[in-house]
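Structures follow.
Same chain, two partners: chain A is paired with chain B first, then with chain C.
And then the complex of A and B:
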């Protein structure tokens, strides 16, 4: 249907422009449906490392998400992974790999890599950009962690020291030593991650960095660098640095936002969406369902001057969790869903949403929608509230992505499956 | 909500800032110059120190007011609006260049230039005169300035019989200054396209919306302009006319900037805001309802489409794409750039011209690479900037529809 006249309303309105919303929107648009994505603002993709963490802890460290998922789902009946099968997770990963042109994503749900973070903690991730995979401490040899003096958001000494200690504790110590490169700052006192990534798009700058690296790095070392090696041209920047230094190079996601790999992934998905003829409306907010005799026929959208309905046959609700305002905590202490007013499974008015200790299992953490086996949000009786509304991503409750390292895996797989369910119905 | 409360609502939104820096990654100005540290720094962060009207940060002046930060913010912080208001205070305290007073008043330019259009256009295209203007006024010698049409849109419209239309949709056309003085042809085509779609089109008395004054920080005068405009449009809005605008930035002034930046709040403005539509938004709405005339002839051209920053501020996506998709044989290339750099009057200024051209360079490159027959764009100053940056003719989407309808 792409490219054909659009005289009628949309088939699908996708609410939310994060990982879950974008994945659903791209799939639906590529299948020929008319898709309008409405997002209040950019999603958390641009802040997160853009590794696909499927399951890192459950609660013990997970070596193979594929093997761990069935048991995990059984032990957590209210969890999104109780609805998403391991096969669906694998299919969604495969789909993502085929849809990112910037560079390759490597790895799969059968095994977690252990990728160094900016504070030197190895983090279990099943799937990651090829630029990061070389840091996998399960196999890596000695490392030189290189920082840039003009970039204050990455501290090579901190990363290297912690990495040595942490890998020793894991039983496979990795040698890591810090290196600080001294690079011209082009009249600027310092750079943020994005500014630096833009400089890496410049070949002259890259060869300066390569020269510094050659001088600083020893024979057998793998070079770890902050994940700022270029934006759209990350693959060539990374390849060129490896060639020029003769050493493997890997990227470490930075701890302070924004996230350059997250921006790369967001921009790759947006490009796909445009190519498939999908529409994206930024800065508009869903404020309620458009109903006709109890049937949902569209979504009420607030734009610059008015609230008006966008009519559609299906809705994908991917408005995120507490961090993005998809779920909000009312003054009363109760959690609510903002876009369609769906019932939230979580603390009610007067319930204790939060416990005294920072690391406690706060009930509010898992607040979100309950969904049926087709990802339709359900009411207290387990019945779908609307037969044509599907939920995806962090708006679905029951997970603790921060502890489990499961956030992007849940968003990817549920976004993929929500699109599946609609495509099945569209025939 | 009173104006006072709305003002607080804008400023207080800074408490929602979680310092995620998404606005910084989206800002087209910070991407090209260290002179502007970015919307988060000069916005929600610096605002905390401004307190009792103190200006703490002169780099604010390098904000182009494109508004992309507000759009991108996931937490609902009105970054651009906070910055625009702070700049007005700063310019009040530090003095207003004569240049900013001049370029912010299109009606004044229009009234002076129109009767002597050949002379005015000669002066504007004369290198020596432009050099003098740069030295004395600070208007960059190469900045894209439009040509006076000589005959205004309104003087044409006065002599026209009301366009025959069988329909019953009542539309009040808000043409804005640039259509009146510089691009009267766009106004004629817009009226014809509306009439073709069954609209009875009237032309209310209207002047400048005050947007250039507002973006130059001259708020009192801007409020006067917008109040006068709204007074002229409100009777139509209250009678149920839809107000349709071809200038996407001036339409945005009526929709929300008058309230959110200038703090104007009254019944008239409310009535006008809620009835104001960008012309592509209006026509796409007809299309969505299955009520748009689709007797389009083939237009075998390749065009690029750039949605200007101010158009994105309407939060309506890109309705022009849905309309252009209806035209047979028209090949449309959607561009993915946020801003052309000009941002109204920003890129005219001597000290900002280079920044504006750098902001636009990505867009210019994409257009040149696409080698389109025409570069389509909704905003007049952006069209002039695009032509300046690429040498390509740039037109409003309605001009394509006009051609496809075979209206002349």
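And then the complex of A and C:
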């Protein structure tokens, strides 16, 4: 069953369909390599608020990631940012901006915006969709935070009150007050973010919302709304809502998956991948390396209840960390890398992976692969395990992405650089 | 039924500046205390109950949910077995809506004494516990995941019971009969006039002091009874016995499964609502508030489960907890004949020369009604009155139709109204109105209280999806400040972490990390204004302000 390769050879197999994998796959495919992306599921990108957080806390709040990164890398030698230069981060951000064409991404690593979350915390993000940037509390004026009664995943009163308190504590108070829109729900009281985003693609619905907003919002207020203003048509929905209300409007990412902005970003990158001729195989899982005399010549892929090797010259391993299942922790407490069985750096069996306090720095959080300067996973001696395997994204250990607000920057830059390294070798 | 005509009964908000006067004061809001309050109120006594936290948060809310048939004690403790089967029959009659009639199986696994099954049958027969042997093939047909190497299978009328629902419906019934139920009232002093206990001073959630004066005070504080008695200058020797339990993310069995051997650790697997619970252990601890669970205990439970249901150690474990049994030891001569009794009513006038104080302790959840009856009989004796107990016959609220709870009840209730209302917790199908009703009923509910009350966030995602919603709704419905709503959310996150951090692995770790992404990553709850002081020293911006 596993004897002969049954599928056409590729130059590169990318394992994982999240941000890191898609960025690498698009770059490689656009450079003319034959790329097959193999993903077990849709990837965490669709759950992501889709802001590009490079470094938000280290642990104090970071104003400029570009300036903070060198010192941060020095203080955190095992961190992915210790092998990714600030220049590479900036290049990858530029690349992303050029590759998302459904709407613009704004901002850059020189300064963090402070964008309100659905609970009203001003969250540091360096780069964000244009639909969100108007919420930046560093510069914003008074706000009306508008929710919809049919939407349970956004609570404007709690968000507005916290935002006032938080911005006051940060030294620049922003007035924020809640507005609850009462819209005809067509007999359906319970919308998820995706269902609501689809309704916003309907012009009649948008004009109803605009009319309600015009009645509720005061002259100088900026309008904050949950990030459900359309799916593929977000730019026109957002633009039209601003015109119809005569006020700036910004989106606030919602808490509960899936995330509409994450789906927009995933869809934009998938479109790029298709255009470049890259293949995407969903519902398949890598179960080990295909070896020939100790050399990795492909990846063993489990799909539809059978295992077959997929031959390739290079592998980009972007299967994600603890949340995505790229790194798995067994009942014994041992952490392992699922796809290729690479050595994981982290707490071992018997070590305390998690500490008793929720806010503690848990040793297991940073479990993952160690990589060399070219992003190749290394063994305990620091030597690459396979010369033709590159890691990207959360499968690389050493970061606390959600506390640092660093996950997007790590995934984007390592996906970008893994592709770089392969393109260099491919000539 | 999901809720009934009693749903509108509210809890006492609090706080009288004048002392509250009553005939009977009950200390402790577990099953026993609430049972005593209901029984006393039904006999027409003016009754007040105080509990330091929410109702059913001590031992009652921390057991495995097994309504014993008595089989477990049939060989070791026949008196306990007789009490269990008698109360099993009574509770099925009065608390049907809290009970799922799962039935129970005692199975002889490869590690069990093969001779025990015959002693078990004899013990059941002697104590009146109905028992019937079925073939191994039939047992495996009923429970396909069971260890296929079992050699005998015996059916008994075990069932599962929802402790929170039982206590809350008891409390509502007690309130209907005029009792005042005061959760979040911690006793700070027991008052005495000479050798007579006259009541207590309690402190409520707002830090206010409430004085309660009673003719008789009943110490129903379970594992804490020794500490409470000491406050009155009396002595009760309680040996707190810790037991731990683990809940898996779905039901591995549909019947209560017990190993057919002398009671041991990890030998019961109980299907409760949407989960399976394995238990338990028995370790003496010095402090009844010490239920910390060790990694070794977790491994022991996982291995024990493996013997009942092969593959158990690989199942997704949602949560773990420990409960502390009130094991009563008393060497006072006048009690010696009662050594085998499961529970005891102590009159401190005879024991310590202090009148007006009774302690009810020992016992098991399954016999809480009987314990309450014995305690209130003793109260009546002290008050010099004779009033018959009616709790064995009068059904609890929502159990009047005597229909057992079935697993699909909540789904069936939701299906009719699916398009009419929001579902706030998808795992447990909690609709918005059910949640806001519960919020309205309580003076200052925490998200954890709501979790126990309506099972909000008890499913596989452990509140990952619903707790932001619940915090937002709580903020709005109870007119809280954002800081109070934030505090509730942060307290929930911290409490939940305690309930699962030692066992995070596999798929449940992925779930926990997704939840963590939502709260720390997307919402940035770590930087809520409430948490700002802790973070400020290392925050440049904050330092400059």
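Operating definition for what follows: the second predicted complex is superposed on the first by the 418 of 427 C-alpha atoms of A that agree within 3 Å, B and C clash if a C-alpha of one lies under 4 Å from a C-alpha of the other, contacts with A are read in each partner's own complex, and residues count from 1 in each chain.
In the analysis below, a contact is a pair of C-beta atoms (placed from the backbone, for glycine too) under 8 Å apart; a residue touches a chain by one contact, two chains touch by 3 or more.
What you see is a predicted model, and the numbers here were worked out from it, not measured in a lab.
Q: Answer with first, second, both or neither: which of chain B and chain C does A:270 touch in the superposed model?
A: first
Q: So in the superposed three-chain picture, is A:324 touching just chain B, just chain C, both, or none of them (first/second/both/neither)?
A: both
Q: Could you look at A:258 and tell me whether it touches chain B, chain C, both or neither (first, second, both, neither)?
A: first
Q: Could you look at A:46 and tell me whether it touches chain B, chain C, both or neither (first, second, both, neither)?
A: First partner only, chain B.
Q: Which partner does A:88 reach: the first (chain B), the second (chain C), both, or neither?
A: neither
Q: Which partner does A:305 contact after superposing on A: first (chain B), second (chain C), both, neither?
A: first
Q: For A:231, using the defined touch cut-off, is the partner it touches chain B, chain C, both, or neither? Pick first, second, both or neither.
A: neither
Q: State whether A:283 touches chain B only (first), chain C only (second), both chains, or neither.
A: So A:283 only meets chain B here.
Q: Count the residues of chain A touched by chain B and by chain C, then name the partner with the higher count.
A: Answer, by number of touched residues of chain A: C.
Q: Applying the touch criterion given at the start, work out whether A:188 contacts chain B, chain C, both or neither, answering first, second, both or neither.
A: Both partners.
Q: Name the residues of chain A shared by its contacts with chain B and its contacts with chain C.
A: 44, 47, 187-188, 257, 324-325
Q: Under the definition above, what is the set of chain A residues touching chain C in their complex?
A: Result: residues 44, 47, 49, 57, 59-61, 63, 117-121, 123, 150, 152-155, 157-158, 161-162, 165-166, 169-171, 187-190, 253, 255-257, 259, 321-325, 328-331, 333, 353-359, 364, 401-403, 405, 407 of chain A touch chain C.
Q: Which residues, counting only chain A, touch chain B once they are in their complex?
A: By the definition above, chain A touches chain B via 3-9, 36, 40-44, 46-47, 187-188, 192, 194-195, 198, 257-258, 263, 270-271, 274, 279-284, 302-306, 311, 324-325.
Q: Given the complex with chain A, which residues does chain C contribute to the contact?
A: Listed in rising order, the residues of chain C that touch chain A are 302, 313-314, 419-424, 432, 465, 468-469, 471-473, 475-476, 481-483, 485-486, 489, 493-494, 496-498, 501-502, 504-506, 509-510, 513-514, 516-518, 520-529, 532, 535, 538-542, 544-545.
Q: Within the complex, which stretch of chain B touches chain A?
A: Touch residues, chain B against chain A: 19-22, 24-26, 31, 34, 70-76, 252, 254-256, 273-274, 276, 287-288, 290, 292, 294, 312-318, 321-322, 325-326, 334, 336.
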